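Input: one structure, supplied below.
When the chains are written out, they are named A, B, C, D, E and F in that same order, and each has its own residue count from 1.
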Amino acid sequence: MAVVLQNIPRADAEVIRGFGQAGVATVHEAQGRRGMLASYLRPIYAGAQVAGSAVTISAPPGDNWMVHVAIEQLQPGDLLVLAPSSPCDNGYFGDLLATSAKARGCRGLIIDAGVRDVRDLTAMAFPVWSRAISAQGTVKETLGSVNVSVVCAGAHIEAGDVIVADDDGVCVVRRAEAAEILAAAEKRLANEEAKRQRLAAGELGLDIYGMREKLAAKGLVYRPFGADHGD
Amino acid sequence: MAVVLQNIPRADAEVIRGFGQAGVATVHEAQGRRGMLASYLRPIYAGAQVAGSAVTISAPPGDNWMVHVAIEQLQPGDLLVLAPSSPCDNGYFGDLLATSAKARGCRGLIIDAGVRDVRDLTAMAFPVWSRAISAQGTVKETLGSVNVSVVCAGAHIEAGDVIVADDDGVCVVRRAEAAEILAAAEKRLANEEAKRQRLAAGELGLDIYGMREKLAAKGLVYRPFGADHGD
Amino acid sequence: MAVVLQNIPRADAEVIRGFGQAGVATVHEAQGRRGMLASYLRPIYAGAQVAGSAVTISAPPGDNWMVHVAIEQLQPGDLLVLAPSSPCDNGYFGDLLATSAKARGCRGLIIDAGVRDVRDLTAMAFPVWSRAISAQGTVKETLGSVNVSVVCAGAHIEAGDVIVADDDGVCVVRRAEAAEILAAAEKRLANEEAKRQRLAAGELGLDIYGMREKLAAKGLVYRPFGADHGD
Amino acid sequence: MAVVLQNIPRADAEVIRGFGQAGVATVHEAQGRRGMLASYLRPIYAGAQVAGSAVTISAPPGDNWMVHVAIEQLQPGDLLVLAPSSPCDNGYFGDLLATSAKARGCRGLIIDAGVRDVRDLTAMAFPVWSRAISAQGTVKETLGSVNVSVVCAGAHIEAGDVIVADDDGVCVVRRAEAAEILAAAEKRLANEEAKRQRLAAGELGLDIYGMREKLAAKGLVYRPFGADHGD
Amino acid sequence: MAVVLQNIPRADAEVIRGFGQAGVATVHEAQGRRGMLASYLRPIYAGAQVAGSAVTISAPPGDNWMVHVAIEQLQPGDLLVLAPSSPCDNGYFGDLLATSAKARGCRGLIIDAGVRDVRDLTAMAFPVWSRAISAQGTVKETLGSVNVSVVCAGAHIEAGDVIVADDDGVCVVRRAEAAEILAAAEKRLANEEAKRQRLAAGELGLDIYGMREKLAAKGLVYRPFGADHGD
Amino acid sequence: MAVVLQNIPRADAEVIRGFGQAGVATVHEAQGRRGMLASYLRPIYAGAQVAGSAVTISAPPGDNWMVHVAIEQLQPGDLLVLAPSSPCDNGYFGDLLATSAKARGCRGLIIDAGVRDVRDLTAMAFPVWSRAISAQGTVKETLGSVNVSVVCAGAHIEAGDVIVADDDGVCVVRRAEAAEILAAAEKRLANEEAKRQRLAAGELGLDIYGMREKLAAKGLVYRPFGADHGD
């Protein structure tokens, strides 16, 4: 049942741009602490921060044939999202594929597997969040699918969903909810700035957030450090 | 039995400063190869080297409420040490908490769990040694304890113990032994410099340390590489 | 049966130099996708790219005595390759041993265990690919062997084999096959450059590699994204 | 956005019964090698084989409150499927909850976290497939959801999907596809029996499946074992 | 600083017997959800349930010399608890050591490393909870310590503490708190039996524990399963 | 370079029978603590103990085609040994292949990947030592090799080597050394029996092996348990 779904819907470009500025932690909180991909996905270099529309790939273990197929489906502003159909650390993607993807406007790759040529990819400023860095090559023998829904690093992703990625990891936002979540994220950012200034001035979160009563009600006890503290 | 132990004893500031210069590998050797936290704790950026007094946090999985409580207990020169009560990779700590901790003179965080906003923390030069980088947020519902003894990344730590951390990892020194261990570490450093020069000049450790006889006594055999080497 | 095999054969220096320029991914492909060490071996700093002749060490867990023995066997252009006889993350190697190895012309270390003093090693530009960074020290009590064949990070390595390492990982090439593999690697590099230019200009791999017919023959279906895509 | 979705649709009871007889490997193949949950989910005792309708639970790390909520939603023939909202090994479920679930006709539990009281559960013949066995208890402080779609052990599961589990692991079948997949599975079982008899009689798969030509066409070479076999 | 501490204090034999009947999950809850060793410690065979006084061993990686030393310190009713000084999976313990330990009244072994001869140990009914099963042998070259405090599988254990172990894992109780914790555990067991009967009769935990109001107050919403449930 | 090496040499059948009786731990010790495969290989059921000649398979990830090819190469008394060319947990082998292998006299399977139909395999008494149990199926698209040397679970194995496996794991013995190692193993077994009786009678290893002097010479100190024991 190998299929390529074409002409996927995408979120509004302005909304995607907004997510690129908000960052992962804020977006994730703004949608109720949902949507994080597993923390084992790590960027190949520090400092990249992107958002884009997911072009998804479901690929067999050790076979990167469908990456070539997916690249044809890319539009400027997209991100490739690859999930192997069973766990695999092979290097599915390197500098040639990155050159091709970049030529079509792709902003980066999220891959629950391995990537290689990381020095070249870094020099090209083509960001990748991966499970592994591995030069182990792949074959082109077995079909997979493009733009079907996938589970990538523990998160369910539909083609056209918004992917946000930075040094803290990767988060997915449903396309239909994107505008609403962005608004919540931006409100959150504004709110954080005020708190940051109060905290920098030495105020305590205990006071700013009014936590002392709730802690006492739950039974928190303060005692001097001493002989009977145990563990 | 949620408790905050106040007014913990701390090691002498001069001693702590000395540990900050000695580095982890030397301190660990100087106390008889004890005290290393597990090697899966990694710094969020390279190059930080700190020592400080442990303010410990025992926190439930996925709940960072006690971090706010612990920050009030910080004094300049302290390090936060967080151990979840069961394994958890959530991002307990980010730039707002770091701003607050830094305002109270905190030198960094050791956490057997996740941290987020790592780009901001790096820009602030607030060092963190963590098990994971994860934007996955936490709740504030369940109590834990502050300044009780904890097991963090496989090491037993008491509040007020000296924590030493650098690119090689994290080491704990008992407060009562700190001065004695520092003296041993400094002697070791002086001794190493002489050896480094001899090794750089091409002398062999086999000769400097007088190992040849002991190796022969244990039965080490030298043979030319050839047909029968097997494995 | 602790043994040190002396006067190992090495590949031609010109060939080794060629491998140092080709890089891991290319070399690995050029020999039929064989020879990669496990992807958990990671460089302690980015950007190093080396090739050299393997001087192998089989060492007991937590015991680095044989590293001293192996250093005496080094010639300029060699790489140390250490495999513990059972899994171990201890820091077998630090700045003093690196100073000694470097004085004998050693180009770096591949170790399926831990390394320490990574800040110093980075400053010395002594590259290491390791399973862990750990300050945990080792003893000098039990013999191992030098220049016997070992399994390091899942790959079988003979003393004198050519080791290639860069940011993508570590690859081994049999000494007897080195010249032939290098030739294949260089042909591959030349070939890749032409493809890179076509891909950068927007041509698709689907067309360059003539994949469309094969994909259709295997049964790949293109469909518009829509109501029935399921997963 | 904590929600309990009530009155979920379920597959036909006869179809579910059929899946219980077919077993995981067959069902998974019959639907095109899709639907396996990660292999780290293991049964707490050998020999259980079940199928049922998924009642799903999305629960916070270390908090089993929603299990109580989910039990009220159970009907005879259901299976509980619990996915923590971030990785957690705590023991969410033990003999009291099993007693309650069993009283409502529940056939077992699939949990991407820990379970406890495994001796009691075994004695009750209440099967569990879990990531861990752990007595570590949980709290009841934070809401989650029931019967929302979840990702459990890497697989996307909707409430009412059919879950099949045996000693080989756990597989999910979409409710809407259940009848069709069962038919394919039953055809496959019939077909396998014939092959089993031929193989038991000493015929080779190479001949039964007509593989020899394809292998030769791909380039497989037969050679006598000898001096130049290399690796 | 290798030391053997002799004549350790032990908890009352009657108290220890009580813990042996209570089981791990109950004891762990009775002391406030503290004291569990990591869930990766697994019994080598199902069905063992023991309690005993800890005779602790801190051993180097790959070196089981101190096990011989520890056996002399055993008294009837003790359990050996071995923590390697750095992570190691070697088989430190097999049927000969078990024969010796059993001859001195030892009730079993808790080991954050490997064990071997598991078929013999099972036949002897000598229970072991270990991190690994491994035949990989060890040496007898380097000292460790006996009856010092250790961190074993993430838990801090003092010689003479009470260890409770069954199919759910391993829990430690401080010697000084043992009588008090046992009383709490026994009360808990009595209480559970009443609940078990109500749950078996079909009553819901939601009602028995009065959870409905708290869930509503936290904001839990009930909705029919339908078109807009999302995830 | 896909190749099938035919007519491999095998060790003497009497020698192999002897290894089957000696067991893994003894054989491994008898050859100087070499040859263990990694401890993550576990038997699918307890109690099997076998020895046989290795018929090796190097297979691509997720592709079991070469298993069919290897079965034709089996002779009575052989064991299949499968190493994927990169890490993979898929279920390469199930009851149909086991039926075929058994029909040719195969004694079992060692696989650094997954296996399925474990209930059937157990009922057939066809033992398997594997890295995973997984129903995830494989394809038949890409060639590998049979009877080349492989690295399986960290050990280098040549076709025709003797494999010994039991509940403690898997060990490899070089074919050319088999008779000599067996003799050493049998001597060891005889020697152990005498020690077992002395230990069972209450003698201490400290005395039987004469360890007390060596421990004292290394500096082991005995002290009463008390106030200053530290850790």
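Note that a contact is a pair of C-beta atoms (placed from the backbone, for glycine too) under 8 Å apart; a residue touches a chain by one contact, two chains touch by 3 or more.
Small disclaimer: the values here were computed from a predicted structure and weren't measured.
Path length between chain B and chain E in the chain contact graph, taken as the least number of steps between touching chains: 1.
Of all chains in the assembly, those touching chain C and also chain D are A, B, E, F.
The pair with more inter-chain C-beta contacts, choosing from C-E and A-B, is A-B. Interface residue usage between chain E and chain F, two copies of one sequence, is largely distinct: under half of the residue numbers at the contact are used by both copies.
If each chain is reduced to the centroid of its CA atoms, chain A and chain D end up 28 Å from each other. Centre-to-centre, using mean CA coordinates, chain A is 41 Å away from chain F.
For chain E, the set of residues touching two or more other chains reads 33, 36, 86-87, 89, 134, 136, 142, 149, 156, 230-231.
Of all the residues in chain D, the ones that touch chain F in their complex are 24-25, 28-29, 33, 36, 39, 42, 46-47, 49, 166-169, 171, 192, 195-196, 199-206, 209, 211, 215, 218-226, 229-231.
Contact residues of chain C toward chain B in the complex are 2-9, 45, 65, 68-69, 71-72, 89, 91, 94-97, 99-100, 102-104, 114, 116-119, 122, 132-137, 140, 142-143, 147-150, 159-160. By the touch rule above, chain D contacts chain A in their complex via residues 1, 32-34, 36, 38, 85-87, 149, 151, 154-156. Across the complex, chain A is touched by residues 60-63, 86-90, 134, 136, 139, 141-142 of chain F.
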